[in-house]
Amino acid sequence: MNIIETKKLTKYYGKSLGISEIDLEIKEGEIFGFIGPNGAGKSTTIRTLLGLVYPTSGSATIFGKDIIEFGPEIKEDIGYLPSEVFYYDGMRVIDLLKYSGSFYKKDQAVILKKIKELAEYLDLDLKKKIDDLSYGNKKKVGIIQGLLHEPKLIILDEPTGGLDPLMQQRFFDLLREENKKGVTILFSSHILSEVQKLCDRVAIIKDGKIVKIDNIKDLAKDTHKRFKLEFKGEIDRKQVTELIGVSDLAFDDNNASFLLKGNINEAIKLIAGFELTNLLVEEPDLEEIFMHYYVADKK
Amino acid sequence: MNIFLREIKAYRSSTLIWILSLCTLVTVFLFMYPAFTRDVDATRAIMANLPAAMRDALDISLANFFTIYGFFAYIFTFATLAGAVQAMNLGVGIMSKEDSGKTVDFLLTKPISRFKVFTSKLFASFGLILITNTVFSLTSYIVAGIVSTDGLDIQIFSLILASFFLIQLFFLALGILFSMLIKKIKSPVAVTLPTVFGFFIIGMLGSIVGNDNVRYICPFKFYDLNYVIDKGLYEINYLYIELVVVFIAVIASYLIYSRKDIRAAS
Amino acid sequence: MNIFLRELKVYRKGLLFWCLGMVMLVASGMAKYASFKGNSQAVVELMSQFPKSVQAIFGLTGFDLTKASGYFGVLYVYIALMVTVHAVLLGAGIVSKEERDKTSEFLFAKPISRFRVLSEKILAGLFNILVLNLVTSLSSVYFIGYFASDESFMSDVIILMVGLLMLQLIFFFIGTAVAGFCKKPKLSGTIATSVLLLTFVMTFFINISENLNWLSYFTPFKYFDAKDLMDSGFNLIYLVISAILVIVSIFITYKFYYSRDLDV
């Protein structure tokens, strides 16, 4: 079953475009990454799904129900963690979390238990006033607030800013744990490495349009390889340049580096003829692929 | 219920301060009534020297002012000014604070409809106004009962006090509407004060020169206390005007609220 | 100068609205005078013998309403109320808004002292106040002149407008002092306004009772009462108190803003 499904979802803010004809299908139990630079339309998509802004055209369903018609009902099972957390002044952490929990039909005692569990796991003092918390600790309040009702779908909008690496790790473990229980996760970010770490499938968004949706492994594979060659002597630039399927070629002193798409045998044969001190063949990271899509598009 | 209770709690102390100030205002003022009755006697003595025709004319126009109602109406004008500020500030604040505090994401991603958020806040603010009026009215009844030498006409006095509630209701609705129409309200008082004082001044100037047309646009003049003291009734047309305005303001606010885009915090 | 200019720009639109509002207030107020026929002089004189409280409750003002300047005297209370609302909100707002809008980190990370920030903001505020006063004064002169047939009113208007400026200054600096002192930026506007409302309502108590005249020292609105100003000019004691109020407020503004932890 598709947990989230959008059909030609489009949003204009007045005349300026937010997103255009977004088609997404997010399946139950997957961790879906949503990447793109700032202003590409990630937040707009998420805010539309949550009913914070209304689509100009197109439609979307969550749990098979229309997001506008069944908004409140759907949200019973959604946990949302925004990129920036601003919470009510003058409240203690526990007050806010209880207030947050009070919106859900679930047994409040169960929610309270979950709050305490999560707080302990994330090392957060529930008795403090929210005003007195550091940015990172406010973020933790946000995380607990999004998870305390054991949602079936978790939506995260650039959630990791302000968390130290250790906490980030714990947070990701937490998400994986939830995911194992069958929870679906939509994870939006502009930091590719964290998407790579966590997600099964990923959609790349640019200027309000989906550029590509792919399995993260396929995306990384796509038979791209990053070659780094260190020459003993002079580089035979001509030969390297003429190799089929080379892109992103760079020379630097005795070093050559390029991205190779397609058959690697030709390249290996060619390289066998060189005098090298070192050779590296790597999986390109998502960052490079990502840039590839963006640069390619610009041309 | 949770939003309702949360809002009541959030405005608990400020409402308490308003109630205390209003009650102190009328109490201190009403205890000056005995001194005023002596001044009235002095006035009558001056008037006794007048030609009969002039004295009778003056007597009629002054009659209402010499009662406890007339005396009360004087300070009541300023109590309603303060009450209007309270109500409108509440209306503007309760609806716009999620926006300015950026907590709107928090609220609207919970499994509740916007209709429920809106009505919860509407009822909370209405409840706070109701509490203010109950305490204010009781205090006024009690203190007026104590200082009045010849009893208290419950109907007249109740109608006077009820006009406080009606004016607050008007400004509450207006405040809610304004909070929907004006984008990014950073400080509710900056919206409230010019509006309320503007209406107040229009009304005052209108009454100084006896211009009746002003009454249709100025809520402070919907309920003419002179008329109430004379007849023990409201002029019903103005009550209708108010109800229509309040009704339209609330419906329009809800429609705007239910359709508006909540954009990312910036 | 950059903060000064920036603040002028921020408040430009608001100031325009306020100026328009004041012109309309003066215009509509004086327009009513045109259609107004005051009580005959005889009745006014008679009623002036009544006790103060009876006069107040009956809505008598002590002004000769048959004259345009007398009528303007009545209007003055409301003009004063509006411009002081402007001044107190401006004073509280201009000092506290960086914290309210969470821009204080931006501003105070720049190589400038708090002294300079505050001074430029206050200067910008004073500029706004002066503009509003000038607009009000000019429209008053124009509209009174339009309705007053042959009486002289210039000296009355000038003294009233100087009084108005004093009121504006007092409440502007009360606003800045509250904002400088108050740690919660959202509260400062509310507190400053409460002070204004309290002192305004106080004048109505003073009006009905001879015994409460001593309260006049506590409300600036009585320092620059239209009737007193037009009858006998400025009162030296009140001027001294005003000056002290302004100086103390400025001192509090700087002192506390300078030394406290900013809310970020």
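Per-chain numbering from 1; labels A, B and C assigned in written order.
We adopt the following convention: a contact is a pair of C-beta atoms (placed from the backbone, for glycine too) under 8 Å apart; a residue touches a chain by one contact, two chains touch by 3 or more.
Given the structure is predicted, the values throughout are model-derived calculations rather than measurements.
Peer 1: Any chains in contact with both chain A and chain B?
Peer 2: none
Peer 1: If we define chain centres by averaging CA atoms, which chain lands farthest from chain A? Would you check?
Peer 2: Following the centroid criterion, the farthest chain would be C.
Peer 1: Please report how many Å separate the Cα centroid of chain A from that of chain B, as a whole number.
Peer 2: The separation of the two C-alpha centroids amounts to 52 Å.
Peer 1: Nearest whole angstrom, what separates the Cα centre of chain A from the Cα centre of chain C?
Peer 2: Between these chains, centre-to-centre, one finds 56 Å.
Peer 1: Distance from the CA centroid of chain B to that of chain C, rounded to the nearest Å?
Peer 2: For chain B versus chain C, the centre distance works out to 24 Å.
Peer 1: Quick one: in the complex, what on chain B touches chain C?
Peer 2: Touching chain C from chain B are residues 14, 25, 28-29, 32, 35-36, 39-40, 42-43, 46, 50, 62, 65, 70-71, 74-75, 78, 82, 85, 186-187, 189-190, 193-194, 197-198, 201-202, 204-209, 211.
Peer 1: Under the definition above, what is the set of chain A residues touching chain B in their complex?
Peer 2: Those in contact with chain B are residues 13, 43-44, 47, 50-54, 71-76, 78, 80, 82-84, 86-89, 99-100, 102-105, 145.
Peer 1: Which of the residues in chain B come into contact with chain A in the complex?
Peer 2: Its residues touching chain A are 2, 6, 10, 101-106, 108-113, 116, 259, 261-265.
Peer 1: How about chain C: which of its residues touch chain B in the complex?
Peer 2: Interface residues on chain C, with respect to chain B: 18, 21, 25, 28-29, 32-33, 35-36, 46, 49-54, 56-59, 74-75, 78, 81-82, 85-86, 89, 93, 97, 100-101, 186, 189-190, 193, 197, 201, 204-205, 208-209, 211.
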